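All chains are identified by letter, namely A, B and C, in their written order; residue positions are counted from 1 within each chain.
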């Protein structure tokens, strides 16, 4: 699947950090690196100049820490057990999340993509790393790196196979590429063998990767 | 009585969506220098409007240059068949790509 | 390849390009990375530097730097560049402040090591 615009087609091109990403081990007294110093300096300058308040970064860190895949899992579990909620979720994802107390701290909207026996959904951001952060937290590195971003739109079935997910040909794949104001969340198929489970039990098996669409949900306890 | 008054309401330019759900649209073949948000793999390709994103919004390409308000148009969720985008597409011919595209990048097919 | 293709194609526009297998790498964010992400959110919320301006700023780093710098490193360099353009602070302001921060940490290290 070569894009004729691809200047690197035909050779093995290593984009340095695109392939591996070594981080210095974090120790309490580690000397900050160049970019960390830059980050601290930029923040201090912006506060000194009165552009941002002294507590605003700290508060936003708390916001971010409160956003994890468990929120998305709660949304999915509610949709699986409450048809009225599911209908509202599919009509307006952001509004339905706000119903559950999941505020959206930015200007994004949310479209929830329902998997079915006929359709399997996958989300990607080829241009950068758009991701439904208010409801899933921060994306994994692989979602932001070239292999997934380049190939999810052009060979989704092969990419899914790399995650161990085999979608038969009778099931259509829809890949949603985020570019603007809308973010996506996959509503996975509820697996067989979960009849009568509580919302909590259901949420526990819904993984982040299932809500991205690279894997399906299985009726095994212990979400990752 | 009020029907004729309501019929005479004139919307502003760009206020109402230009395209409707189900419309066949084409991504304009345009290659701007600078910031853009319509990937090159889409340029010149055709698809079907799946959804109109409401409300009208700022052009994100202009946002990149600091425009935070004004000049709003609609985004459309457009469905494009995968085989039409990729010559050797490996998968079902019914697979689709869905993407949000700003009104200024679309024309009726 | 004609040069205009390089001029009109953004370095991040890679949909459909060839690439290797997906390696399922992920890492816990380091504290500075999380602070950097929070900074981005605050700057966008206040429309000091909106998210699209940030994206454009990262694109403006160019293919080489984008290939060499990891994710949050790209953000903070882009924020610095945009801040210079918008007049929030100058390159000299930043250089001086970075030196001040570095000195502060060195002093703490000295104090700790006794």
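Assume a contact is a pair of C-beta atoms (placed from the backbone, for glycine too) under 8 Å apart; a residue touches a chain by one contact, two chains touch by 3 or more.
This structure is a prediction, so every number in the text was calculated from the model and none was measured.
If you compare B-C with A-B, the chain pair joined by more contacting C-beta pairs is A-B.
With chains reduced to the mean position of their C-alpha atoms, the one farthest from chain A is B. Between the Cα centres of chain A and chain C there is a gap of 21 Å.
As a whole-number value, the distance joining the C-alpha centres of chain B and chain C reads 30 Å. Averaged C-alpha coordinates put the centre of chain A at 24 Å from the centre of chain B. In chain B, the residues touching two or more other chains are 37, 39-41, 60, 85-86.
Taken residue by residue, chain A touches two or more other chains at 1, 3, 5, 126-127, 153-154, 177, whereas all remaining positions touch fewer. Under the contact definition stated at the top, the residues of chain C that touch 2 or more other chains are 9-10, 13, 15-16, 51, 55. Residues of chain C that touch chain B in their complex: 4, 7-10, 13, 15-16, 47, 50-53, 55-56, 59. For chain C in complex with chain A, the residues that touch the partner chain are 1, 5-6, 9-10, 12-27, 29-32, 34-39, 41-46, 48, 51, 55, 58, 66-73, 76-77, 79-80, 83, 88-89, 93-94, 97-98, 100-102, 105-106, 109, 112.
Of all the residues in chain A, the ones that touch chain B in their complex are 1, 3, 5, 109, 111, 126-127, 153-158, 169-182. Across the complex, chain B meets chain A through its residues 37-41, 51, 53, 57, 60, 75, 77, 79, 82, 85-86, 88-92, 94-102. The part of chain B that touches chain C in the complex is made up of residues 31-33, 35-37, 39-41, 60-61, 63-66, 68, 85-86.
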